[in-house]
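The two complexes that follow have chain A in common; it is paired with chain B in the first and with chain C in the second.
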Partner chain A sequence: MEGKALKFEKVTKQYGSLKALDNFSTELGLGIYGLLGPNGSGKSTLMKCIADIIRPTSGKITYGGEDIYSLGADFRGRLSFMPQDIDFYSGFTAVDVIKYFALLKGLKYDTEAAQKALNEVNLLSSAKKRVGGFSGGMKRRLGIAVTLIGDPEVVIFDEPTAGLDPEERLRFKNLIREMGKTSTVILATHIISDIEAVADYTLLIKSGQLINTVENDKQAQTHTDALEQLYMESFGHKAEQEI
Partner chain B sequence: MKKTKTAGALLGFELKKLLGLINIAAFILLMAIKPLSGMMYTLAPTEYSKDIYHEYLDELYGAPTAEKEQYILDEKERIDDILSIYEDMILAYERGEITAEEYKAYDEEYTRAKAQQPAFDKVYQKYQYYLTLSGTEKKPQYFYDLEIIEYINGFGADVMFILFLTVFGLRFWGSDRTGGMSLAVMSSKYGRQYRDNLRIAALLIVSTVGSALSFCVDIGIYAARCGIGTLFLPLCGMEEFAACAYNVNILGYLLLVLMIRIVWSAAVCFMLVPIYKLVGNIYACITAGAAVIFLPLVLMPSLPEVMIKALAGTQLTGFAVLNNDMPLSIIAAVLTAGACYALSFAFRKLELKHIANNSA
Partner chain C sequence: MSKILYELKKLISSKLFILATVIMLGMLVYVMFFCQDLSKEAADAERTANYINTEIPDDITPEYLLKLKEKSDEDFNYILQNMTEAENPELEEFSLNHYAEAEALSQMLYSGTFAKHRVEYITNAQKQYSAAEQSGNDADMRYYKLMTDEYNRVTDISLIASGAAEKYFYSALPTMYPFYLFGLIFTMWAMLITSYLLCCERQSKTDLTAYSTKGGRAGMYLNKMAAVGITVTAAVGLIFAVKYALGVVVFKIDWFASIQSYIGFEESTYGLNMLGLLIITQLMLLGSAMTGVFLASLFSIRASYPIRGVLLSLVTVFAIYRIYIFIRATGTPTETVRAFNDIRVFVPLFMQFPENYFTGFDYISILGFPISRLAMSFIMVGIIGIVSLTICAKLYGRRSDFNWKAKLSNLKKSRNNTAA
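Up next, the complex of A and B:
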């Protein structure tokens, strides 16, 4: 496995009698990992555990062999997390948002560097506009630009393509492919086509348990159908389709 | 050095965020309420004629002298004499001992004296109060003080700035939670390390500048109403402020109140942090914050004295200056801020729980 591995050892998160994560164990190296599962399957809990928003009831998450919670800010400095519903400070311009998050990541971005990051997501023309006037899709793209700042080693995207038009969706997929070469990218979504297009592996999660890990063959024509079939078998209903 | 620069740059963004939340219309309304509340004070009825009271004090204006004392004593004797013979004069007129013209002349004097008496009693009360100050460091002066008292009391009850600070302070703290930014900020490298301190610092800057601005507006309205020269008159000239041991002029008193307000506004900035972390919903958070700050004001008459000396709501009114508790008040503010800062660490896990729940 190339790069440092993000390793989950029997991770369990319990809320009363409900197990949001149940003995979740796997190891993620460089590459793109699609987290696939219905609502309430434990995807969000897993992502929040990695981001140290919540901590597991039992089990261990390590990065490069070290406990991520012991690493604390050091680990968070290598992590980038784009939540599902991000609504940036309305008084900030897009450049402000990039500069602000760069500082939070311990980096110094001048306006030129911020504009370069915005250009990656086709937002350069709106660089100096206030985020309060942005559409949902523009905010999403800004979120992606924020995630790209500082070449993070671990990247988490929660439903990243929601609200993006087909052209932007394609642009995003290309960006993700590039990131997957140097980072561990975790992509949580309901949409199978998003995963089949970019993910190297698909992790199927049900009731907090990892029920299957599938290595994706992105070149195979029949791959989407196979993933759909697997989803049906695993969860008993069809996955959401790309809109 | 690098960390200091990062903190400085992040503080700039926190200030930008905070100023972006402040509603200019609300701020203008706040400033407009001030003169309106001042007008309401002026319209408040008194038991005596303000014009007559004004005339007496114009006559007496300046430091007390033997001549002024004599004038007051003579005036008291005159009014007492006129009023005391009222029934005798009626009887004398009825018995034909005085003529109709004499009675009419007396009746006019009586009517005037009757109107003068309540206002003069107020002046005489002031004279007696000044006598108690003789031999002390305080050097009172006669001046027309009614509008000044009304307006300064308005300063004391200036709850609008406190309301402004509480609501916008908590909205500022809650801006991540309502905007879904918490996850992104808290999962970043410095999102936790600097955030609390920088937000407190941003609020401290805005609250101090806000207090000073609010003070400038107050002084502007005061000067327009009472004249800027009255700011330099001694506070001890007004019996209503007799409890204040500080030998200062009106401006000095207002500056002391401003200082206490700034100190307690700073304490409030710290108080908002554990409230935000403890309460999940931002609207419940604002309600809780307002209750903590304003309930002491509402309950002030029934609160034990020791609590009055230590509660933000009462201290923000300048209560400490009038009651000579400034050092105690400052110590209470520092202790309150310290306790709240410690609580903000204790409640960090609760905050993360709220963030996780809000984004579920």
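Up next, the complex of A and C:
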């Protein structure tokens, strides 16, 4: 496995009697990992655990052999998390947002660097506009730009392409492919075609457990709708309702 | 731009902040205007000041004041004796003709008693000291020794107050009801902006992205508190500047006159002038507001909307306050006074009876050591601040954020990596 591995060892997260994650174990290296599972399967809990927003009830998550929670700020400094439904401070301009999040990540971006980051997501023309006037798609692109700040080693995207138009979706896919060469990218989405297009591996999660790990290239060689079929087989009726 | 400046930017660009600030400043203007309309107190004070300025020589001595008191006692005895004859037309005429004089004499009596009281206080304190010495009570000895020293120290009783200054005393100094009203509004404003800043990440849906950055939640919390502290301090500074400027331009106040020259403060043991009093009262306003800020930060941890954090903290503070008074104030006036005296130390919301800190020897004995109630209240602000900041930083933060050993080890590692 190339790069530092993000390793999960019997990770369990319990809310009362409900197990959101149940003995989740796997190892992720460099590349793009698609997270697939119906609502309530534990995807968000897993992502929040990695992002140090919540802590597992038991088990261990290590990065390069060290516990991520012991690493604390050191690990968070190498991580980027773009959650679902991201929004920003309405009074800030896009440049302000980039500069501010760069500061939070321990970096100093001048206006030029911020504009460069915005250019990556085709937002340069709106660099000095207030975020309050942005559309949902523009906010999402800004969120992607924030996530790219500081070339993070571990990147988590939760439904990143929802609300993006086809052109922007294509742009995002190209960006993420580039990132996958140097980072561990975790991509949670309900849009299976996105995962098929970019992910190297797909992790299928059900009731907080990892039920299958699929290497996407191999699947793609056999049939194009393989992942969708596998999803239907794994999650059955619930998946049908969601799709 | 630092992280704190970005927090300030979040605050300033919020409509809630602008609206709350306009209301708060409107209240300040209203309070200043409202205070100037306290015509009766202002007129009385001016009349007294004129009387003092025309009747009393410049070189005032305690002996002269004692003599004056005897004279005023005679006049009052005359009035009191005749007051019983309610239908006495002679008395009515006397009252009408001598009303202003009687009022002024009443104020003089008040002023004149200070010299006598001071002697009494010192003599009494010395007696108490001797008694404590005999019984070997170190705590009481310390307390009464300090009382003697404090009353001996305050010697400046030059009654130099001008009419304008007296008027200003009623309008601008925080010893009246309007200070209480404005103090409350100002504290609520400070609490609201605290709660807003702490809730704004959740409201703008940036919480997950921001909290998963290097600084984490604890770092963001501390930056937000620093931004609130700067904003509240700046507002207090602005109010101070407004009061000072109005004092100079409108009220022609002598900021360097001693506070003992003002009615109600004759027995104060603080060697302060009016400017010092204004500065301290502004610090008291800051202290009240910051106490509110710390409490609001505690109650906003789980709140998604600012108003919820503010309401929760207000309800809790008032509940504690009322329960304490209910338990302590058993109905006797002495117990009630004691209860209020305790609460103004241990819940340092200074706008509750602010003048009580200055009007006499206002010390409490903590483990046998006499500490001024004012100083103790400021210490309490500090303690409440440290405790709530620690609790919040721990709750917002992660164990690793406070593991200094791990932090040092990580720092060493990153240095080694850089060197390599």
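Just so we're on the same page, the second predicted complex is superposed on the first by the 229 of 243 C-alpha atoms of A that agree within 3 Å, B and C clash if a C-alpha of one lies under 4 Å from a C-alpha of the other, contacts with A are read in each partner's own complex, and residues count from 1 in each chain.
The rule we apply is simple: contacts are C-beta pairs under 8 Å (C-beta built on N, C-alpha and C of every residue); 3 or more make two chains touch, one makes a residue touch a chain.
The shown structure was predicted, so the numbers you read here are calculated from the model rather than taken from an experiment.
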{"item": "Fit-or-clash call for chain B and chain C when the two complexes are aligned on chain A", "value": "clash"}
{"item": "First (chain B), second (chain C), both or neither touched by A:54", "value": "first"}
{"item": "Which superposed partner A:79 touches (first chain B, second chain C, both, neither)", "value": "both"}
{"item": "Contacts of A:92 with chain B and chain C, given as first, second, both or neither", "value": "both"}
{"item": "Touched partner set for A:17, first chain B, second chain C, both or neither", "value": "neither"}
{"item": "First (chain B), second (chain C), both or neither touched by A:71", "value": "second"}
{"item": "Partner chain(s) touched by A:105 [first = chain B, second = chain C, both, neither]", "value": "both"}
{"item": "Candidates 7-15, 79-87, 133-141 or 403-411 of chain C: the single one with C-alpha clashes against chain B", "value": "7-15"}
{"item": "Chain B and chain C footprints on chain A, overlapping residues", "value": "48, 51-53, 73-74, 76-77, 79, 81-83, 85-92, 96, 99-101, 103-106, 143, 146"}
{"item": "Residue ranges of chain B in contact with chain A within the complex", "value": "5-6, 9-10, 13, 16-17, 19-21, 175, 179-181, 183-193, 352-353, 355-356, 359-360"}
{"item": "Interface residues, chain A side, partner chain B - complex", "value": "44, 48, 51-54, 73-74, 76-77, 79, 81-92, 96, 99-101, 103-106, 108, 143, 146"}
{"item": "Residues of chain A defined as touching chain C within the complex", "value": "48, 51-53, 55, 69-74, 76-77, 79-83, 85-92, 96, 99-101, 103-106, 143, 146-147"}
{"item": "Complex interface listing, chain C residues touching chain A", "value": "1-3, 6, 9-10, 12-14, 200, 204-206, 208-216, 220, 398-401, 403, 406-407, 410, 413-414"}
